[in-house]
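Below is one structure. I have some questions about it.
Note that the chains take the letters A, B, C, D, E and F in the order they are written out, and that residue 1 is the start of every chain.
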Amino acid sequence: MGGVVVTSVERVDLAVIDGLATCGVATVHEAQGRTGLLASRLRPIYTGARVAGSAVTISAPPGDNWMIHVAIEQLQPGDILVLAPTSPCEDGYFGDLLATSAQARGCRALITDGGVRDVRDLTQMNFPVWAKAVYAQGTVKETLGSVNVPVVCGGAHVRPGDVIVADDDGVCVVPRETAVEVLEKACAREVLEEAKRLRLANGELGLDIYSMRERLKEKGLVYI
Amino acid sequence: MGGVVVTSVERVDLAVIDGLATCGVATVHEAQGRTGLLASRLRPIYTGARVAGSAVTISAPPGDNWMIHVAIEQLQPGDILVLAPTSPCEDGYFGDLLATSAQARGCRALITDGGVRDVRDLTQMNFPVWAKAVYAQGTVKETLGSVNVPVVCGGAHVRPGDVIVADDDGVCVVPRETAVEVLEKACAREVLEEAKRLRLANGELGLDIYSMRERLKEKGLVYI
Amino acid sequence: MGGVVVTSVERVDLAVIDGLATCGVATVHEAQGRTGLLASRLRPIYTGARVAGSAVTISAPPGDNWMIHVAIEQLQPGDILVLAPTSPCEDGYFGDLLATSAQARGCRALITDGGVRDVRDLTQMNFPVWAKAVYAQGTVKETLGSVNVPVVCGGAHVRPGDVIVADDDGVCVVPRETAVEVLEKACAREVLEEAKRLRLANGELGLDIYSMRERLKEKGLVYI
Amino acid sequence: MGGVVVTSVERVDLAVIDGLATCGVATVHEAQGRTGLLASRLRPIYTGARVAGSAVTISAPPGDNWMIHVAIEQLQPGDILVLAPTSPCEDGYFGDLLATSAQARGCRALITDGGVRDVRDLTQMNFPVWAKAVYAQGTVKETLGSVNVPVVCGGAHVRPGDVIVADDDGVCVVPRETAVEVLEKACAREVLEEAKRLRLANGELGLDIYSMRERLKEKGLVYI
Amino acid sequence: MGGVVVTSVERVDLAVIDGLATCGVATVHEAQGRTGLLASRLRPIYTGARVAGSAVTISAPPGDNWMIHVAIEQLQPGDILVLAPTSPCEDGYFGDLLATSAQARGCRALITDGGVRDVRDLTQMNFPVWAKAVYAQGTVKETLGSVNVPVVCGGAHVRPGDVIVADDDGVCVVPRETAVEVLEKACAREVLEEAKRLRLANGELGLDIYSMRERLKEKGLVYI
Amino acid sequence: MGGVVVTSVERVDLAVIDGLATCGVATVHEAQGRTGLLASRLRPIYTGARVAGSAVTISAPPGDNWMIHVAIEQLQPGDILVLAPTSPCEDGYFGDLLATSAQARGCRALITDGGVRDVRDLTQMNFPVWAKAVYAQGTVKETLGSVNVPVVCGGAHVRPGDVIVADDDGVCVVPRETAVEVLEKACAREVLEEAKRLRLANGELGLDIYSMRERLKEKGLVYI
């Protein structure tokens, strides 16, 4: 039933975090073995944002945004709020006032498996949100939740201090212990992809670049 | 089974309606005690529109848009069409021809728990629609429905002449009897919010501005 | 269980295809008797695209994009890839590398009842995709599917060589045998609609233009 | 934001209510002009129950079942609780203890657009529930709602004292003012249906019984 | 827009059809290469039914069940009605009267991507239905559809005369041309499965029976 | 990308597990502070089962059930299989043959956020399954996953050896470290509830038993 705020959270170096942002969600997801994606129902409120940050997690009851105020005090520059309702809810937990407060403390984004409102203002403030719904429904401040405890958000396990990467493709979480390694793999992957892109753009086929023809034949593929 | 058109609808003064549009959905919703929101599945076909108007309601059978033609004759400048299918349906009841006709009579928008089509044309015409789906599926003109009777649209009860407010956050209905009072509360709310926004932007915390710390402690919140 | 690639596909003349693109989804759908629409869950990754092309179909297992590589070899300029997972799946079968390859061969778009990723890159490349989900989830290359066999995609039956039309309203399929006839009807429809649009814009009512009043009365419509 | 309990509710005579129960949902729905159905997502927790009663309505915040306790005091024998969350929620607002209390006061069923739990116990108690979800998620008692105010439940407008009819086909609401008239029509309908059933069972066709052939031909139906 | 009834439908021999019923959906689906399943949203109204029959298909507008009457005349003993709405709809197209009529003509079941009502009566009549929804919503008889044309139902392509197999696992369609071959394969599969079942029941592992260990190791599976 | 099987899993004492089964999902969920529920979309294939067991977890690619064979070897009497697809999938990963094998090794149930098939056989075998879908769709054996690693299943974090409790209300996970404590609290809760049940059955009101009237008044509840 909540009621805990963890105040000491280990965070990954911002240089690593910013590197992951540059790689983007799809590449980071591949670089860590196709893991860590949040559900596709979490969509950005506007296109073009690409951010990364350290997760400050919130476990909140349905329709109660009290804990967001508590969480904002725990924010450090470069953080991202990750809000997981304790049961399915699409109420508008977060709007322009909370965004103003979070942004003032250096928060880069909100990720939520709930709803968001004031999306026009948030867009003008350049404060990106990935949410399950846009819904103006107001919330109360009556019941405790917790801040900086492990949560499941969008079907992914997120611990405080894990790195969140988010862009138009969705949201991905990188465990803080492997962030450096994932960044290295992601960068390496980008170099490889760039080479392939050139060959594909020149009309070479993936069938040949990746030497797939033999294996397809073995599996029994027939051309008619 | 429908078959009724109510021709005399009491409407709210346009100055009040336009004032509510300026406040926007989230503020109006809060100002009337967190009531009146339509379901989040009703989304705008393009971003940036913010409108209000008097509801001209339509109860229509699934896949039958005949009543829209009937409803358009009942439109007055400043009205908004509210179309509720009698059972779940996402067919494209409404497109650019009907929008041309509605716009010619001063209609400001369509709200529907069904589908819409010709969204590119509607966007170019600057005719906003909040709908459950974008779907080109054509409809027939065979079965009667009703115009200007109370309907449930997007899970909200809407009576003809009620004020509809719609923006990027969704759609809200304000009963016409309380529209003036809600406008006053909404405006007062906006003033208060502006003051809070400044303090939050300066780094003050909601925990302090709203004096939440004591009550959180009483509820048992623990910092670790 | 798949394993077949049909290499000879009859295609419709590109002039016909391009004519259908100009008419757009809603008009084409009406012109062929309100048939051929794919489900409304297939949405464009960016607005404003309007394309048509010959379907190169792909039947692919969930989470396995191997067959896309096979299909790309079968592409001719003016084609559109139509990818139907064999069971519901929203994984990101397709991203910027595959788009680069497809675009190099003259492919105009991808239609899929699955997921897509790298949507920012695809948007910059001007390669439109209509998909059920944006989802970065990676896929494997282990199990055969088929290319250029009839598929059901988005609830519509699509055969290789059928014409796909797609725009902001969604996606429509035109059987290749009737493409010329549908184009003629669509063009005729556009002319008629233009005439009606002018009358409606001038304030004439659909009730009068379409002579509906008598039939509404017969059905029992009552004005109160 | 709630906070009101209306203690005087006009109810329909129990003989009428029980007559409507006997007719069942489909017949009653037809008898009142195909109106009044709640959404199909409200399903019974066990099959075979067929009940009717006077609505005691509850408007409750998401995840907060406090108002059910308040509502139970307002119950009279023959009543049915109708619980509408103020925003989408599937938490288990109601279980065996509340059912025991409600049943002790003569309550016949619960209808909810939220969740229910303890369904095994409820089944053994013979206390039927129509709900959106079976979900054990516990709720709090912190925020006021209202009792015996008009609500929208499952997309239908329900006022306190309206008659609720529920069976395996779902749930229907009959406005208390028309309950007698609807019962008469429903009974008449049953008699007619019985006669038709016999003819159909003997192999006569609806095409002939309802004289449809001529009209189908006029509409253009072609046999190949 | 419909309007066609095909009166001559080639059907598969009833012995073959009944054989397929005995094998059941999962086995038949596997026997024909894991194809032919209808979407999982089509659920039986009661458990325990296992049927097969020749498809008599219906393409019907949303909320209009007129064509069912037309289709019933086309039924022969051993047939199954397959009803596909032309756009998503969950109205109750079919109830006990139509079931009485269909059953009188030897019809074995209804498969529909729409809704059904009177499920208590249908259960008592032992007339099984697989449907997307149970919903009492009544329908009209105004717009033509077609009977015995190819349809997409539940995401599967069904032609008149194809064999439908349905049980608690869902619904599968077998093209009439391959029904005999599929039956043979399904029977063979059953024999093989029976042998495996005994070994598995005795505690042998699938890893050994299917010789999976070596391939798992090659793929890189590691035991810790 | 998977590829790991953890062979040593700490399990909770079976007496504790069986005690938790007796308490049932709703009580256990409350006893551990309203945490641990899996999503309501996981439903039992038949009613009346109430089981508990130690989780043997499986992370499996969409449409690939190879890892179930691997997991079955890891089963001990009293275990429950928990299968989490790596992306949303409703294919029928599991049927009667795998159930025979699992049951032979003492497995008590399967919990899956995917699909299941052969539900008639599974019911006759008395092997309960909680699944997202009943769907006969076959799967392949091509890609590695992992066994006995932490997974998110139905939105809940499940580690190997955690206790799973499942009944008609759904599924709950109890961390193995707190299982004894949760059992104690659950038993205490049952005693308390029994006392309350008697009072409620005698017509006492929750308003009085729980002394709610004063606090409701303070919050502003008004009786009209």
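General observations
Rule of thumb we're sticking to: a contact is a pair of C-beta atoms (placed from the backbone, for glycine too) under 8 Å apart; a residue touches a chain by one contact, two chains touch by 3 or more.
Bear in mind the structure is a predicted one, so any value in this text is a computation, not a measurement.
Shared contacts of chain E and chain F, meaning chains that touch the two of them, come down to C, D. Each chain gets a centre from the mean of its Cα atoms; for chain A and chain B, those two points are 31 Å apart. If you average the Cα atoms of chain C and of chain E, the two centres end up 28 Å apart. Of all residues in chain D, those touching 2 or more other chains are 34, 37, 86-88, 90, 135, 137, 143, listed in ascending order.
Taken as a contact graph, with one node per protein chain and an edge wherever two chains touch, the assembly fits none of the named shapes, being neither a line, a ring, a star nor a complete graph.
Every pair of chains meeting the contact definition is listed here: A-B, A-C, A-D, A-F, B-C, B-D, B-E, C-E, C-F, D-E, D-F, E-F. By the touch rule above, chain C contacts chain E in their complex via residues 1-2, 33-35, 37, 39, 86-88, 150, 152, 155-157. On the chain F side of its complex with chain C, the touching residues are 61-64, 86-91, 135, 137, 140, 142-143. The residues of chain F lying in touch with chain D in their complex are 24-26, 29-30, 34, 37, 40, 43, 47-48, 50, 167-170, 172, 193, 196-197, 200-203, 205-207, 210, 212, 216, 219-224. Across the complex, chain D is touched by residues 3-7, 46, 66, 69-70, 72-73, 90, 92, 95-98, 100-101, 103-105, 115, 117-120, 123, 133-138, 141, 143-144 of chain E.
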